[in-house]
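Pasting the structures here.
Two complexes are shown next, each including subunit A; its partner changes from subunit B in the first to subunit C in the second.
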Partner chain A sequence: MSLATVRVSPGFEQYLPQEYYDLVKDSQFVSPRKVSEMGSFKELIEEHPMCAGCAMTLFIRTMYVALPSPENTVFVGTAGCGRLVLSQGAVPFIYGNYGDTNAVASGLKRGLGIRFADKPKDVIVAAGDGGLADIGFSMVMHSWFRKEKFTTVMLDNEVYGNTGGQESGMTQKGMVLKMAPNGKKFEKMDMIGLAKTAGVAYIARVVPTNPNRVAATIQKAVLIAREIGPTFVQAYTSCNIEYAIPTPKVMDDAREVENARYQFTEYFSDDAKEYWDNIVVEKRKIKGSATVE
Partner chain B sequence: MSLKGSAYAVLPGPEGLLPPSASVMGVVLPEEGEGLLEGRIVSEDESMEAAAIALLTRKNPTLFPGPLMIWGWTEHTREKSSPFFEIAHEIPGVRIIPMPDYRPIYPKIDPEAVINPCHPNLTIWHNKIEACILVGLHCHFANVTLKMIRAGTNCYTIALCAEAGHEDAMASVPNVGAEKLYKFAEALRRVKRNGVKPLYQGHGIIPSGWAQQAHLTGADIERPQEEVHVGHGLSHELERGLDENEE
Partner chain C sequence: MAETLEEDVKTNPQGDVISAAPTPPKVETEKGAAAQRVVDPDYLILQAPREKTFITGSEAAKEAIRRSNVDIAISYPITPQSETMQQVGYLYAEGYLKDYYRAEEEYGVMSAIAGASRSGVRCLTATAGPGLMRGIEAIASWPGARTPAMLLVMCRVINTPLAIQPDNIELSYLLNTGLIVLHAENQQDFYDYPIIGYMVGEKPEVTLPVAVAVDGFFVTHARGWVRLPSADIKLPPRACYHEAVPMMDNENPPIRISRDAPIQKSNFISYQMHASWQQETWAAAERSRKWLKRWLGGLVEVVNPTAKTMIVASGAAVSQSREAVRQATEQGSDIGLIKVKSLRPFPHQELIEALDHAEKIVIPEFNYPGWLAKEVKNVIPRTERVISGPRVFGGMSMPTELLLEYVLEGKKH
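What follows is the complex of A and B.
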């Protein structure tokens, strides 16, 4: 909720739990925050039950900080590790059934557009590779074909981490996992290529080695989805449990994977590029005028 | 058969895992001017007085304000804050433990600071709460919360609802706005005037949440040497639990 529109009712402030008191006093709801300030203000997620060293958690924390308007954002997720964080964040979260996240998000975005015609409402699907590339594949593709205006973020840990290590469509060919003892026999799905084919307005592939870049990517994806069309972010968020990555080495692994096969890539449609360039120009103007003052 | 004549009594639990919802058992919602008392339709005044007596005479009375009370969404929600605190100041030894939103809180909650609809029983158990008011919750979460409290605790639940009321509460009044909250504060004063002796003496609200963290005080409460357990509170077979020594 935004403190611009919703404040604590008179007399209740001192009865708020500490976490909510901090959200009211020192969080993104009070003023926008930068990635470089993380750790110095109350973030939209604090406690969570994710594994120690989980790269997905770092990505999601960064994604929260990057939200252009958290009080006007709704997340849609599904079964998988990511929803354990997302359901506890201070941003509304809807749990879609496995497979139907992008259908739920389509209806939600349209409904919000009718209910709040005068206010932009951002919808973000954030789910795993299993939820989006395997079980939810049909819904994802059709939401893109229909040019639904919301963001799809794939938390790609290249495995079904929550259920014991089955291979997913996004697992690398040949990868041996606990529940894929003979190694995966097929190539990793090219979701970036499929997104281009479907006409997605903004597409990015990112690894959380550079938090500022993650934040910038999410901001682009959300703002372009608000006005132009569907956007897709594919984020490498390793599963250090199923891939047996020692906790202190999680970011080393991320860098290795980034260098080898997960380089940062982004693609704009023509409309999206023009829209984004205008935003950049406007931002510079605002920054310039602030400097003059 | 008159639905208003349902024989099912909505009493403090523990009712056991998965109790039937009171509506399934024939309990119906009250109309304007009426209230619910243990599953029966009674007058609004009778429901309020019974609720007031429970709050004054049962252990660790607590108010659970929900998001529609804590956050000043509209003038309608903000104007309820004053009578809410008037009610609180009429109940010696009262706590205020909010339910600021409905998101699940894992891996652990602080039961002295917050109540959560996913596991309200934890807060009730931890604080040994035997009477509570739920006010300002969205109805579907109030229903879940009330049922879970009845399933696993011996807490007397009171639902002051801005909409139609709640069958699963021991006492419930519908269409509660600021005016009816003032009326409930008056009901508390009236039952005290009529001779109901509060379990606790003193005044003020026991700090919780941020106030507790900041070591703020403000309550001067005298607890009886040995807290009197008013009424047996437990209504069904599960109250006795299992005899671990039974062969």
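What follows is the complex of A and C.
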């Protein structure tokens, strides 16, 4: 929608809830914001019921700041911790059935493409490792094979956190969790490799130790999905409850995991690389976007 | 050595050329989709002059979709549905639809329909038997999400043992999802009902998905007379901003909107919200009655309304019952028939009134559990009048002789 649509009509300021007033006066809906400014402006998400110290929350906050066009973005999610934040953000959010995200997003993106042929509408799936790699696996893979133009963000906490700590396909081999009483019997699924096989245009693996890098990754993923094809961001967003990580140590854990087995990697298809290089080389100003790292 | 007699051009069993290149449109675009004009639904449904054609049920559905101004269709093969969505694929190739794809499986199909409908476009899919069961988790979530869409259901047995034969047991599952459910008797209905369904489901006070069911093979793969209006007229496009809920297109303030908020906190307000939303969804289906009456000509059709013995049927069982009524009349017996067109909303008042005088009510069905008999018994008084049968299933046909044993000879089981 046009940002003019959300301006407050003169005389009505006093009747708006303060929280909404701030959102239309001092947020990304007014001008692009940088990650380094977080805390000094009204963010698209503020209140949420997530656990103290949750790395997933930090990741999602950063993702919101990085959105190139929040006024033309729709999120799709499924059951899991992430939707507790996403359902309270200032971006429309579809909360569907278990594991249906990438099928819902396929229909949504195509429908929006029919109705708004000349206006980019960004669709972003943000769901957990269970939602995307287990119950929604076939729909994730097929959306990639079909080259559906939307972004898939996996909030990978390596466990079913919201249902109380069960093993997922993305859990490390050997971990003892609920439903894996003797330890997980098989390796963590290689979704990055599967994404490459399926022809995903931009793939990144990231840990929220470096918020600027998270923002830059999300921006690339959204813009490349808009123009080129499917994109996939796999983000380590630890569950400090089920993995018993002391709250002050959450970022220490993230750094350890990053160094040991979750190093930042990104992959561009040839088309995506050419497209992104053009953006960087020409320093094209992307209207409404946060600053690229 | 003699030259090979094999042709160079490979064809499939239907004689179509197998090629990597897209098949050229079978209809010239200027004469087809581009030449269509939008007309008032009343004109298309009730008033436009019609010509008689002799076509299959699948072809009748295709002709309905041709005139329904559908934006996107999402397909997945299953017998006996496949032919219809193939035909819709040809319509897409000819420019009648804006998007079309073959999805991964039925759960993916029904979920994609949920996404497409939330974007504000007019959607279509179709399935049968096991496919309906596979997709039903997603389908059951459509009404609560207030997503208008068209689901064509070509009934067949639900496995096991694996079979593809006609049997409409699957409708008993569909009846409690909250969708509007129409049951087509024949090829003519399978043309009319989808068009009517689109218009009813998209009414602001309704805003619900609609299923049009038909008994597989008996109707889908058999020819019947269908009266069709000209192909150059179509329904108005979906007016999504007139509907009951906002579109998920991020075009309207407030900017903080979660149309599909999770309501699962353990407190009374959450329970109350969920309960009231369910009530509203079912109430919306009730509000479709006046539109269904207008365009279907009533939720029921009554033949020989004063007869003491009345048959109540839906779908293909109606056609068999019509023939049984004709044969009974020839034999000098006065037998009546009520065709139930709409299963949801259910025509309870119509049935109470039309059956008030009846001494014997026979309910023939193409399924084992006898869901229609249960539905009827739930709403009429003096249920001892009801004979729940005859019932055939697993692909069996329903001979009129069998019907007459129940109607005339007092057979009850």
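Please note the rule applied: the second predicted complex is superposed on the first by the 274 of 293 C-alpha atoms of A that agree within 3 Å, B and C clash if a C-alpha of one lies under 4 Å from a C-alpha of the other, contacts with A are read in each partner's own complex, and residues count from 1 in each chain.
The criterion applied here is as follows: a residue touches a chain if its C-beta (ideal position, glycine included) is under 8 Å from a C-beta of that chain, and two chains touch if they have at least 3 such contacts.
Please read these numbers as outputs of a predicted model, since none were measured by experiment.
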First (subunit B), second (subunit C), both or neither touched by A:Met179: neither
Touching partner for A:Phe29 - first (subunit B), second (subunit C), both, neither: second
Partner chain in contact with A:Val6 - subunit B first, subunit C second, else both or neither: both
Touched partner set for A:Tyr95, first subunit B, second subunit C, both or neither: second
Partner chain in contact with A:Ser87 - subunit B first, subunit C second, else both or neither: both
Which superposed partner A:Glu47 touches (first subunit B, second subunit C, both, neither): first
Touching partner for A:Val281 - first (subunit B), second (subunit C), both, neither: neither
First, second, both or neither for A:Tyr15, with subunit B first and subunit C second: first
Residues of subunit A contacting subunit B in one complex and subunit C in the other: 1, 6, 20, 84, 87-90, 93
Interfacial residue positions of subunit B with respect to subunit A in the complex: 65, 69-73, 77-78, 80-82, 84-85, 96-98, 100-101, 103-108, 110, 113-114, 207-211, 213-214, 216
Residue numbers on subunit A that touch subunit B, as the complex places them: 1, 6-18, 20-21, 47-49, 84, 87-90, 93
Subunit C contact footprint on subunit A (complex, rising order): 1, 5-6, 20, 23-24, 29, 71-74, 76, 83-84, 87-98, 100, 103-116, 121, 138-139, 142, 146
Subunit C - residues contacting subunit A, complex: 71-72, 74, 98-99, 101, 103-105, 107-109, 111-121, 123, 137-138, 141, 248-262
